[in-house]
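Shared between the two complexes below is subunit A, which has subunit B as its partner in the first and subunit C in the second.
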Partner chain A sequence: MMDGMTGRWLWVDLSAGRVEDKPLEPWLIKGYLGGRGINARMLWDLTEPGIDPLGPENPLIFGTGSLGGTCAPNSGRMTVTCKSPATNLYLKTNVGSHLVPDLKYAGFDGITVLGKSDHPVYLWIDDGRVEIRDAGRLWGLDTRETDRLLKEEIGDDQIKTLMIGPAGENLVKFASVMVSIYRAAGRGGAGAVMGSKNLKAIAVRGTGDVTIAQPERFMEVALSARRAIREDEYCWTRSFKFGTAQGLLGANESGSLPHNNFQDGYTEDAYKISGEYVSERFAHPEACSSCVLHCGRFARVSSGRYAGTFTAGPEYETLASLGSKCGITDTEAILKGNELCDILGMDTISAGSMVSFAMECNQRGLLTPEQIEGLDLSWGSADAMLDLIRKMARREGEFASLLAEGSRIASQTIGQGSEQFAIQAKGLEQSMVDVRGTMSYALAFALNPRGPDHLTTECLAEIGYTPEVRQLAIDVAGTEEGVDSLSPNGKPEMVAWHEDLYALTDCVGICVFTDTWSYTRINFNNMAEMFSTATGIEVSEDEARRVGERVMTLERLFNLREGLSRRELDVLPPRMFEASPTLANGERTLTPEKLDGMLEAYYALRGWDESSGVPTEEKLKALELGGLRGDDSA
Partner chain B sequence: MKSNEQERMKLVVDPDKCTGCNSCMLICSFVHDKKFNYERSRIRVWRDDARGIFIPVVCEQCEDAPCIQVCPTGALYRDEAGRVVRNATRCIGCNECMNVCPFGAISFGPDQQWMKCDACASVGGDPYCAQYCTAGALTWVPERLIARQKAGGAAARKAAAATGGGGR
Partner chain C sequence: MSVRVRVLITPVQVLGNRTYTVPVAEPVPLGDLLRGLPLPQNEEREIWEEQHGEPKLRTGLAVLVNGMNVMHSAGLDTEVHDGDRVSLIHGISGG
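Let's turn to the complex of A and B:
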């Protein structure tokens, strides 16, 4: 057994009904450092281009970070990887909670699920004993009931669980994998992939050890990183007090809080959906394993129409997606919507996006009353939001079932120009950032291999919110324009740096929010040191960054192997190229030419072919990815 | 209290503040056993996800400690700092202390070792769990100030409730 990691991986073949415990190969560990990296390489090696994401040939991979189960700060993260049914491209979706330590204590760094069961099953991992069990009585149940019954059946209310709800069973394209009843691996439809395999849940109990190669040294680095985050007043106080919605009011003031499906960026009465209001009235902090930031919330509604509602969150993304983006500021209805998404097992970002898309279709008169079964789809209708969430998850009625396919397919089916305001690219609904106001985000969202959102990199430094962060942005960008958010200059450098940092963070299994909420406290250097002292495998700061770049590049290769070109891969929703009335005095801030310029500079910086965006063979060799090149006809 | 006397300190748990991050368990396991394993932790956070409740359970160093009373060999005793500790050579491993503890705060670990919170006396320094409890649910407080601290917290919650705030 190795140190830091377990060095073992659980392979589950649902078609054959077989489980196998295999060692992880040393080159995979050294070359990818855990979590997202190992998952990405496994997905690459296990798949051929063109496979059906909902077919048995799509593997579903759960990978803990290499520092999971230790006291490294914020090390409770896990990456779920597969081919996405929403985009038909690469998908990694990352999730916190408390499952990671138990899985490692049970003796596994990760799980790869292959094939498809002919009946509903769940996986029970009790230390080294692994069983595929019948899940007939769980099928059809929501995630909360599933969690409860699993604990009851196993007879231990402290086991850790992950599961899908009805949305995953019904192959909703944005079905989430819920980890405990609180946390979601939400994006890209991993829940539908799990549903396609007839896998309802995984339950874990771990009581073994994770050993550390150099305990004294590890302790020193890990605890000093914890203190550094805790002492970062700006980051810690706001995150602890107000959660991820700490910046919602600021976004609104700057005119970039998505409103009415990104038609503008200002919401009257936004206070009612702010982190301040929610935290003061409804919620208290809740945290993933080993967390120092505590951005998580547990919210409860104790009176009124939605009394009895409780939910983890709401996150900024949920408050904007189910809230302002649909013109809704009824806090309690949003909490109800959040609860429904969690128990039905759906991504709140995409679910809210489908509602706001439907509302804009209605605004423009593209839907007949029969089509929408008399639903009142006017902006601000909380009832419509809640009704559609329920119906999409169960695919009730033709209209909701169409929406359950995601906004690309829904807009292509509805037609009549609705493609222009489907806020999606590559088939994934954009997260709640108006990238028209921030060029780093625009570039990063276009490049993100899974589609336009903030979780492959979030260049908060661009905003320069403290003098220290401002200086960092200028240093990374190599120009003062790094903190001029409408200038394209310095942005490729900013994005590449942040992408590498995020990728490394996901490999070691630390939460990426530490990267950009507490800049410099978690960095290439101390992550490399924590990995080295935990595992005894020496990795330098430079090597650690190179692993980040290797992972980003491999993810790029996966998408190129699917036969797509840069014109299909590096794209943004059409609306992002229109002017927003609440940004830059209503002037247009982003044009296709401006994005192209940033992209080409980025390709060059990455050592990719400047016109095609394909990594050169030379670059691949330097990253030890030689011979893996995908489609180079692009 | 005389000024030259060592002040008696106590580990105080405020479950209302606990966020369930389990950092205390991870750090406890590691500082004592140099390994990470919840089963090696002397403190345990009990979770009730459905109610959003997280409760750290740890030795309360009881004044009238049932474990000391029940110990047939006199292995358990109270040290000068007020902690309930064990003389390993006298212990016969009979489990009576574990059975009688109302908090489940005494256990036998994965190596069959007797385990109970010693407020980090054996590893030197103030309790690590309290040092690294981000949320302030675990604090290391002079005994004479415990009631003051608790009453202050309760009053603040009442005040918040009276003005319409307060999540729980």
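Let's turn to the complex of A and C:
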């Protein structure tokens, strides 16, 4: 066994009913550093373009970060990778919890699931022993019941679990993989891929350990990083007190909190869905393994119509997607919606987006009462939100089943101009940031290989919220305009820097929120040092950043190999090019030409062909990706 | 003739959600407007810190005028007019 990582990977072929424990090849570890990187390379090597995301040929890959199971700060993250059924493109979705240490202590850095079982099964990993077990009695159950029965069957309530709910079984295009019930690898429909394989759950018990190559030096770097995050008053205090919704009121004041499906960006009583309000009345903090920040919440409703509701979160994204984006500020109803999404196994961002899309269709008179089966789809209708969540997960009725296909297919089917207000690009619903007010967000969302959201890059530095962060943004952008959020200048540099940082962070398995809530506390240098001292494999700061760029580039290549051009890949929802009444005094801030200009500057900066956005052969060689080409010239 | 000022920075359990309507006869510098707010003493401390004998906005705060962050442009010298919306917030982050 190697240090830091286990050096072992579990291969499961569900078609053949076979499991294999194989070593990870050294070039894969050194070249990709763990988690998201190793997953990306495996997906590339295991697939051909054009495969059906819901077919047995789509591998489902779970990769822990290389620092998982150690005391490196916030290192409890895992990346789930496959071809997305929502976009038919590359998907990585990342999740925290307490499962990562157990998987590593059981002897595995990750799991690749191939093929498809002919009946429902679950995987039981008990240290080095692995079994594929019958899951007939679990099929159809929600995630909470599944977790309970797994623990009962195995006879150990300390095991760690991940599973799908009914949404994953029913191949809902935004079904999530739920980890430990309350954490979601939510985006892009990895839960549907798991469902397509008849794989209901994975249960893990790990009692081994992870050894460290240079323990004294590793502890010095890891503990220093932990202290630095903890001493960052801005970062720690606000995330601990208010969770990810700490910035919701600020987003609202700046006109960026989506309201009524992004028709505007201001909600009059947003206070009721703020992190402050929720934390004061309903929630207390919780954390993933090894986390210093504690941004997670558990929330309980103890009285009223939704009494008994108990849910993780709500995160900022959920409060906005099930809340303001649907015109809803009934906090307790949003908590109920959050609970339903978790137990049914659906991404809250996309689920809320489908509800708000349906509400705008209703506002514009595009739906008949028969079509919506008597639902009241008025803005602010909490009953409609909760009803549609239940129905989409089980595909009850034609309308909910159409919504379960995601907003691209739903809008193409409904037609009548609804494509213009389906807030999606490449088939993924946009997360809850109005990118019209922040040009680096706009560029990053357009470039994100999985679709428009903040989890491949979140350029918070653009906002320059402390003098230190402001200076960092100016240095990275190479211009004072780095902190002018409406200027396109310096934004390609900002996005590329953040992309590389986030990719590296996902490889070593640290939480990306740490990167940008505590700028410079986690950086290329200390991640390289933690990796080197944990594994004994020397990686310099420059090499570490190059790994980040290599992973981003490989993800780009995957999408190009599917035959898509930059005009299909680097896109934003049409509404993002309209003026928002609450941003920049109602002036139009983003045009297709402005985005094109930023994209072309970004391609040039990355060493890609400036007009096609395809990485050049020289660039690929420099990144040691020579021979892998995504376009037709391969 | 007034400006709406929302202060969204202090622990809500202590101070709640604060909104002020400030009368303005003519355009005023943002700094003067903010320094004139009738804030409780503990909230004053959350907003201002003394640097070289001068009150300065604390690190990590942003001031928006009509939704636009003015801290990277004219800052507290920004002129505020009748009907403007001023917001004091923490730097934005999400997830």
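We take it that the second predicted complex is superposed on the first by the 631 of 634 C-alpha atoms of A that agree within 3 Å, B and C clash if a C-alpha of one lies under 4 Å from a C-alpha of the other, contacts with A are read in each partner's own complex, and residues count from 1 in each chain.
Here, a contact is a pair of C-beta atoms (placed from the backbone, for glycine too) under 8 Å apart; a residue touches a chain by one contact, two chains touch by 3 or more.
All values derive from a computational prediction rather than experimental measurement.
Superposition model on subunit A: subunit B and subunit C are shown accommodated side by side without a clash. Looking at the shared chain after the overlay, A:Gly115 reaches neither subunit B nor subunit C. Of the two partner chains placed by the overlay, only subunit B lies in contact with A:Asp209; subunit C stays clear of it.
Taking the C-alpha centre of subunit A as the apex, the lines running to the C-alpha centres of subunit B and subunit C meet at 80 degrees, rounded to a multiple of 10.
Residue contacts after overlaying the shared chain place A:Tyr105 against subunit B, while subunit C stays out of touching range. Looking at the shared chain after the overlay, A:Glu280 reaches both subunit B and subunit C. Once the two complexes are overlaid on the shared chain, A:Gly69 sits against subunit B while remaining clear of subunit C.
After overlaying the two complexes on the shared chain, residue contacts for A:Ser289 are found with subunit B alone; subunit C is out of touch. When the shared chain is aligned, subunit C comes close enough to touch A:Leu248, but subunit B does not. In the superposition on chain A, contact of A:Phe310 is made with subunit B only, not with subunit C.
By the touch criterion stated above, A:Gly37 is placed in contact with neither subunit B nor subunit C. With chain A fitted onto itself, subunit B and subunit C come no nearer than 7 Å, counting C-alpha atoms only. Residue overlap on subunit A between the subunit B contacts of one complex and the subunit C contacts of the other covers 280. By the touch rule above, subunit A contacts subunit B in their complex via residues 69-71, 98, 101, 105, 144, 147-148, 157-158, 180-182, 207-212, 215, 219, 223, 226, 230, 236, 240, 279-294, 296, 298-300, 310.
In the complex of the two chains, the subunit A residues touching subunit C come out as 234, 238, 241, 244-251, 253-256, 265-266, 271, 274, 276-277, 280, 295, 315-317, 432-433, 437, 454, 458, 460, 463-467, 469-470, 483-485, 513, 516-517, 582-585.
Subunit C meets subunit A in the complex at residues 6, 8, 11-13, 17, 59-60, 62, 64, 66-69, 71-72, 85, 87, 89-95.
Taken together, the subunit B residues at the contact with subunit A in this complex read 19-23, 26-27, 30-31, 34-40, 46-50, 52, 54, 110, 132, 134-135, 164-168.
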